[in-house]
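This is the structure I want to talk about, given as structure tokens.
Chain nomenclature is as follows: A, B, C, D, E and F, assigned in order of appearance, with residue numbering initiated at 1 for each chain independently.
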Amino acid sequence: MDTCLLLDAGSGGLASQRLTAQCFLRHFANPLLARLDDAALLRDVHAPIAVSTDSYTVTPLLFPGGSIGTLAVHGTVNDVSMLGARPQYISCGFILEEGLSLELLESLVQDMAGAAKEAGVLIVTGDTKVVPRGACDKMFINTTGIGSIFADPTPSGHNARVGDAVLVSGALGDHGLTIMGSREHLSFLSDVTSDSAPLNHMIAEVINAAGPVHVLRDPTRGGLAATLNEISEQSGVSMLLEEEAIPVHESVKSGCSFLGLDPLYLANEGKCICILPENRAEDALAAMRASPYGVEAARIGTVVGDKACRVTLQTRIGGRRILSMPEGVPLPRIC
Amino acid sequence: MDTCLLLDAGSGGLASQRLTAQCFLRHFANPLLARLDDAALLRDVHAPIAVSTDSYTVTPLLFPGGSIGTLAVHGTVNDVSMLGARPQYISCGFILEEGLSLELLESLVQDMAGAAKEAGVLIVTGDTKVVPRGACDKMFINTTGIGSIFADPTPSGHNARVGDAVLVSGALGDHGLTIMGSREHLSFLSDVTSDSAPLNHMIAEVINAAGPVHVLRDPTRGGLAATLNEISEQSGVSMLLEEEAIPVHESVKSGCSFLGLDPLYLANEGKCICILPENRAEDALAAMRASPYGVEAARIGTVVGDKACRVTLQTRIGGRRILSMPEGVPLPRIC
Amino acid sequence: MTFETALHDPKLCRVLLARLTRALDGRSMRFMEVCGTHTVSIFQSGLRSLLPASITHLSGPGCPVCVTHDVDVAAFLELAGREKIVFATFGDLLRVPGPGGQTLKHAKAAGAHVEIVYSPLEVLTLAVSNPDNVIVFPGIGFETTAPAVAATLLTARQKKIKNFCVFSLHKLVPPALRTLLDEEGDNAANIEAFLLPGHVSTILGIAPYAFLADKHRIPGVVGGFEPADILLALCRMAEQLRDNAPAVVNAYPRAVNDAGNPKARALMEEVFITTDALWRGIGRIEQSGLAVRPDYADMDAAVRLGVRLVETPQQQPGCCCGDVLKGRIIPTTCPLFGEKCTPAVPVGPCMVSTEGSCAAYYKYLEH
Amino acid sequence: MTFETALHDPKLCRVLLARLTRALDGRSMRFMEVCGTHTVSIFQSGLRSLLPASITHLSGPGCPVCVTHDVDVAAFLELAGREKIVFATFGDLLRVPGPGGQTLKHAKAAGAHVEIVYSPLEVLTLAVSNPDNVIVFPGIGFETTAPAVAATLLTARQKKIKNFCVFSLHKLVPPALRTLLDEEGDNAANIEAFLLPGHVSTILGIAPYAFLADKHRIPGVVGGFEPADILLALCRMAEQLRDNAPAVVNAYPRAVNDAGNPKARALMEEVFITTDALWRGIGRIEQSGLAVRPDYADMDAAVRLGVRLVETPQQQPGCCCGDVLKGRIIPTTCPLFGEKCTPAVPVGPCMVSTEGSCAAYYKYLEH
Amino acid sequence: MCLAIPVQVVEFLEEGMVRVRVGESQTFLTASTMLLPVPSKIGDFLIVHAGFALHVLTEEEAMSSLSALREIADALNAKGTLDA
Amino acid sequence: MCLAIPVQVVEFLEEGMVRVRVGESQTFLTASTMLLPVPSKIGDFLIVHAGFALHVLTEEEAMSSLSALREIADALNAKGTLDA
């Protein structure tokens, strides 16, 4: 057996069949995928449904707390969950670089399989492209998830209402800082690990305990700041947050102080924002805290009526400032 | 406005929002996409459904007869159609290289929008990653398509039966040869154009006219040879083809003779194989020929009972030989 | 308890605010900080919203990125775009627009090899792993950064690393303070007190600022960067003003010796020589910059790579960065602020750097 | 009507088949072709399935890729893996396994810069656009290809393109035919007639094959590549055998002059000199290869890049490529065929090239 | 592998290159005439290998070789037998 | 931007580098001591900028400056007033 991937594995010929059989079918094993028709045939998906897609291009492929494989499942499972849906099925498109280690590929496929198993989703259809060396950076994965929506009314970023409580399911910035810290040349050691996690079961429990919620959203790229600003815009409301209440791990704080970054702008991959009527906030928090992925859940603020669609932070020393929408990628400041 | 894409456009911040608004929302314009929640909410998708995913990595991005944009819609629309489904919705994941021309991006997004419009599908959810220069070759697109299945029983590669007729909806190899001919250094001029096309309407007409069919499959990578060998394996049957009956354009034949390639192993992006009971073959052919994408449809062979799962070709001079499964990517032979 | 916790302690801050209010005793105070880290801290911590209304907070030329002149930006953009050059820089610099709004981000997108580093020492690692390229590090920063860059040059020479050089654009704080006060008449911006930079002072000590009190009778207080540090420094300023006893004092003794760091100064002087420098929005200030000494010309990008400084077009009409940097206006007074000039499409450097005062106003304050 | 249509005309083929059957008149005929294009055509057109059962079809050493020796493959894999080398090759070569099953595909996946070209002239374009690299073209092929490569070298010299060189592994057909017939006694494979290569003969003409009839009394017929061309050539062989009048004749006059192409031969001789060569499965054949003349040593990869030929391990046990190439057995007789040796995991070169006879058997025939 | 179909010269390009048409298709290649022993003219048929023309035959020669083939095939129809 | 939190020396590395711990976290950086005017020892607190330590204070100095802060804050509690 070859140790590295040849272009042939993307040819549609025997070499493709071998990769599919020996790697994908083997680890994703399920009868729907095994049909290998042009499309998967799904019988138990019922309208209304939620569909979400994401491509995963993270570097490095492996990092403390996860890998591109776990991320590719968790990210999409979470996006589907944010509509109050039960994620059921996932499609998976690989773009692989010629020369990729087959051992590495297999271990990442195993990560995906493990993450899918935990989340209770099946990977039912896929596609593999192999591009010439230099045409992609090792591997990219796209996943698209589908699930039947059970929450009625369906949560949406447009539904935040004045007086609602703003909850977050745990500490912020772990994933973003982990990725920065995993880049080769950083002379920086930390115990931070990515929070990559599937939130579907926790979300189901939250809706179960607290009834339909107004907004669910996972604060991924752009972090808490971008996500809350988006929701404020979409719902035409403002928010007032309590800095002291926002959970951030000590190592994330210290790593950010070294790099000149703000944890509230860093990506998370296992957290959700939940906005719901104040009187159900405690039930929702209790449901979150009962999940292994929501132990540090906290209420961090309140939706207020200011039409400026602003997110304001009450700081630790008791001052106030805007938590604004970021412009681009967070850049460390040094000089 | 910038003329080339910065990493910031993938940040999740304001730069991302601008790209989304000015490019994607503008051209894909539809209210489902405009919600910009974590997932699209779809109300009129009914089980059983077909879901298919493909990533598009074609080089060059623009080629005679199409672009990565048209391909990304047609390929997925076609895969969904091959299950006897009506493609309704498409998700779209872009992986873009820092420095990409924004004008080019917009023109390719317009291609997608045009293709989606013709096929009658909506692009309802998406994702955009921008990777550093050198981490991908200009752009990749993943699309995942969903549609409700109307054919009952559902066509499948497992359903070919002895005695069935094997039809193809038109001439083979156009797409594959076009792409080879578009590579920069080839001193080779041809009037071949890609056959990239949406087949959903034609497929609906075929099923309408001929009743449920046994197998539908689009002979993309690996061409007719790989596709028919796959079906033979899956269905446990053999096939006998008539070389003279297989439509191949003169320019494809001559290009292949120059490059040492076989048109039956080249990719198609607007053709389908249809296998169905002999007595309905003429109705199916008539329905294909009534579509602009099936004018050259032909019956090319018959399913036979040989358990070896072999595809045999009756050649132009009246001989016989195997049309075997390819191993890897087609390589030109010269010396 | 950590320093971080202690210095953000709301109670401590309240105590210090009360002391500040008492010291002000109804009078107003117009102070300027000249360190970008102070700027960010005052906004980010929310301290600004807690300051007594009678305090006017001005951000001076304290962000090294903001004060980098168009001419120098144009020069390093040209350098970064050359073949076989790896341009290794602190992340701050990527957004700074040169003439025509072009930045290192654009250069990178167009193919320049730009690497972000956190320490000049990492640049040496890059040099070793890219033997076919010349690694150019732009020396941007004040007296805090310059010794680190000097140490890196000395290390490169010692390790015989040949493919590394520095484009020195370092600037010095005391000459800028002199200019602010002396330009166009005495203290046109009417600055009543200076919050002096913490870590610049770690290197310099407090003597170089003596002229503030001696010549201009303006208090100068070296302060730390946490809210309580800054409040303490503000108290000391207000108290000096109250007592009409201006002095230059060190309110940040845990990081600053009054004598500074003589070793760091010695290394800096070994490698660099003072020279005139262009400050964005301010113009040429005599002996306010650091150039690489001729002894180290092989590591001086300006010499080795033949950098040509070219006159750049006039600043965009309406841009008031100069007045902002000199403390004459606050950002919101600029007619372009928030309209034609935003972090997405910055007109001036004060809007682009995370430590720029226009950016801080835009990012942290309601507008 | 085109040549293509005419030469695949089923009626024409039936006419020729009838003529062939008549000429055979119940006798058997064991013929060998020594051109890979003939091999592919006979299988791909289905002609093989139409030949009378009394004809035995053998594929000789006619695929230039198949006969490339392990030692040479190892050498060019090493070359391709070097830094600053662009290895520009016809696509055929990518699958050829060297020692340990490694191929150019593997080298490419591991980082070698491999480019596929369709003409050696394209290599010059590559050379111009990659001035920092040396472009190595492996000269693989018979007398058809060698003049084209010679012309390319001459063009490179004329255009003063310095970063281009050829690793010449060209081989000559007539010496191989002599070896097949003379090795280990006279004609051990019992070949009764040769289908002589079409385009090799375009260059050589028919004189170099005269020894077949003169010395060995074996018919040799130069044939074209379409089914009707081949059938016609088979008729001519069968008729000679029937008439016991062996001769070397040209049944492909539309592409071959009896005198060949003197200009192409002259250019080939200007650049190359005959030398001993290693043939896979056969071994060393004296004066059967072409080396670059010392006058062109600057474009000879072997000299310029210091190629070292290293003894390679023994062929895998059980591999019968030698016997296949010499016509002593047909591929299905090899114990590895279709089991341990398939196009996916080829043991010998005959299974890997699209023109290899084992590959043709595997690909086109039921097994 | 050898391009067996003769291609027809349609245009002279610079530096001894010609543009040729493959069969009756709209596929055109460029080929060098550097190895041709005699000059070629528009309409000539060439045998091309790896970008170089190796052999030239005039249009008349090509047509007569085509009709020879045609005649053999037609013999079948005319005589109604398999003799040729 | 300046790293304002003093970091604590936990280990000496080669070539004058030290490993330091940031605050009470498990985050560790390396820093050069090349610019330090006096040698540092394990437990010392450093001011680090761009990978170089610029200033050293002993553990006792650090602790006493911390408790000074603490005392000011506690004054509030003790006296129950805003005076300091």
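Keep in mind that, in the parts below, a residue touches a chain if its C-beta (ideal position, glycine included) is under 8 Å from a C-beta of that chain, and two chains touch if they have at least 3 such contacts.
The model shown is predicted, which means the values in this text are computed figures rather than measured ones.
With centres defined by CA atoms alone, the chain at the far end from chain F is E.
Spacing of chain C relative to chain F, judged by their CA centroids, is 23 angstrom. Between the Cα centres of chain B and chain C there is a gap of 57 Å. One finds 36 Å separating the Cα centroids of chain A and chain F. Residues of chain C found to touch two or more other chains are 4, 9, 14, 36, 90, 92, 105, 118-119, 121-122, 141, 145, 343-344, 354-355.
Along chain B, residues 6-8, 14-15, 187-188, 253, 257-258, 260, 327-328, 333-335 each make contact with two or more other chains.
With touch defined as above, residues shared between interfaces to two or more other chains in chain F number as follows: 1, 4-5, 23-24, 50-51. Contacting chain pairs in the structure are A-B, A-C, A-D, A-F, B-C, B-D, B-E, C-F, D-E.
Listed in rising order, the residues of chain A touching chain C in the complex are 185-188, 243, 253, 257-260, 262, 308, 310, 312-322, 324, 327-328, 331-335. Contact residues on chain A toward chain D in their complex (touch as defined above): 2, 4-8, 14-15, 18, 98-99, 133. Those residues of chain E that touch chain B in the complex are listed here as 1, 3-5, 19, 22-30, 50-51. Touching chain F in their complex are the following residues of chain C: 1-4, 6-7, 9, 11-12, 14-16, 18-19, 35-37, 40-41, 90, 92, 118-122, 141, 144-145, 147-148, 151, 155, 198-199, 202-203, 224-226, 228-229, 253-257, 261-264, 267, 354-355. Chain A meets chain B in the complex at residues 6-17, 35-57, 59, 78-80, 82-83, 85, 89, 91-95, 124-127, 129, 131, 134-137, 140, 142, 144-146, 149, 154, 156-158, 216-218, 220-223, 226, 230, 234, 267, 325-330.
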